[in-house]
């Protein structure tokens, strides 16, 4: 692929609300999407966690390297989307966290990441949902069928 | 609360513009919302500051720990929302900053934070505005009345 | 300027898709905007790069200080907009990156910044596009004609 490829969407429903205390960040969003029949969306969130699991993609080995940190941290920003993988709505999100001294860590968001409190702004994208498939160049599950 | 709880909104007016040089970041947004009768919104901003006041929530003591830094810093990202507290539009935002070497600090945004220059994208959310109330679990002022 | 000044826009087309592997981040967005006739937009992106060029504005000297880093890094967040400079759609974006250990760097995004993989959510803003002009206070190319 040598240029930016997209699908065009209309704005669907916009949900703004609270992330659940004591629950997993990714799972709570995926459960919400399952219950409200959202299969394609973008979202951002801010808040705080009590623990986090982060990762980065090892581009040479083509595997995710992950690590967990048990600490009270602010969610400075979490940016992500929901699309279909094997027919189910899955979250892909990156997250930035900060401690009491403003020191930051960030990366690809994994479960378990336990919410202390948080606020999410999620926009459903109306149109044909994008689906993830294995990409041979990067080894990642990327959106297919774009033009 | 054991699951993600939301209200649904329609898109209201979308304002894109400049943050005022030499003014406080939070106050300039709240003043704008007061003057344009925006009581519920989400926004993101990028730009630069001449000084910043940041904080993080001490989850054990249930108080915010804050600190100020007088330095020219890039606003790498500022993500936030406007909703009602005691009937008035208030900003809740988190911010990430970077210095000349790319070194970052981030956290909960407080006043005083003085703008050098910046650009904001603010979407009014049409519908019943969310209101903040004291949450006994976290000690935070969280949105009430969600389902 | 002593207060937040804005233009009001309607939502235009919303494009969600993939950033092109091996291409420059800014140029791929600007090329897309040229080809789809987008002259005003906001966007966010997440993903990964193989190299990045970052900068910060030296507020005293009124010049950008830039530096490049050749390394596989996650794009934790990239927030930006498209508007007109000299009649052409140009990107203004800030970016935050993280390495394998979650260590972050961030700042103003420059070319060359080479994409490994990434996902973009770009909203066209319908209305009179904003145009950049030299601002004597800051030395930056800021939006003119706001009220």
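A, B and C are the chain letters, set down in written order, and residue numbers restart from 1 in every chain.
Just so it is clear, a contact is a pair of C-beta atoms (placed from the backbone, for glycine too) under 8 Å apart; a residue touches a chain by one contact, two chains touch by 3 or more.
Since we're looking at a predicted model, the values are computed, not measured.
**Student:** Once you've mapped the touching chain pairs, tell me: line, ring, star, complete or other?
**Tutor:** Complete.
**Student:** Between chain B and chain C, how many degrees of rotation does a Cα superposition need? Round to steps of 5.
**Tutor:** That rotation is 120 degrees, given to the nearest 5.
**Student:** Shared interface numbers for chain A and chain C above half of all numbers used, same, or below, different?
**Tutor:** different
**Student:** Roughly how many whole angstrom separate the Cα centroids of chain A and chain C?
**Tutor:** Roughly 21 Å, centre to centre.
**Student:** Residues of chain C that contact two or more other chains, please.
**Tutor:** 11, 44, 77, 96, 104
**Student:** Mind listing the chain B positions that touch chain C in their complex?
**Tutor:** Residue positions touching the partner: 11, 13-23, 28-29, 31-32, 44, 46, 48, 50, 72-77, 96, 98-104, 116-117, 119-122.
**Student:** Provide the residue numbers of chain C that touch chain B in the complex, in ascending order.
**Tutor:** Touch residues, chain C against chain B: 1-11, 40, 42, 44, 54, 56-60, 65, 67, 77, 79-81, 92-96, 104-108, 125, 130, 135, 137-138, 140, 142-143, 146.
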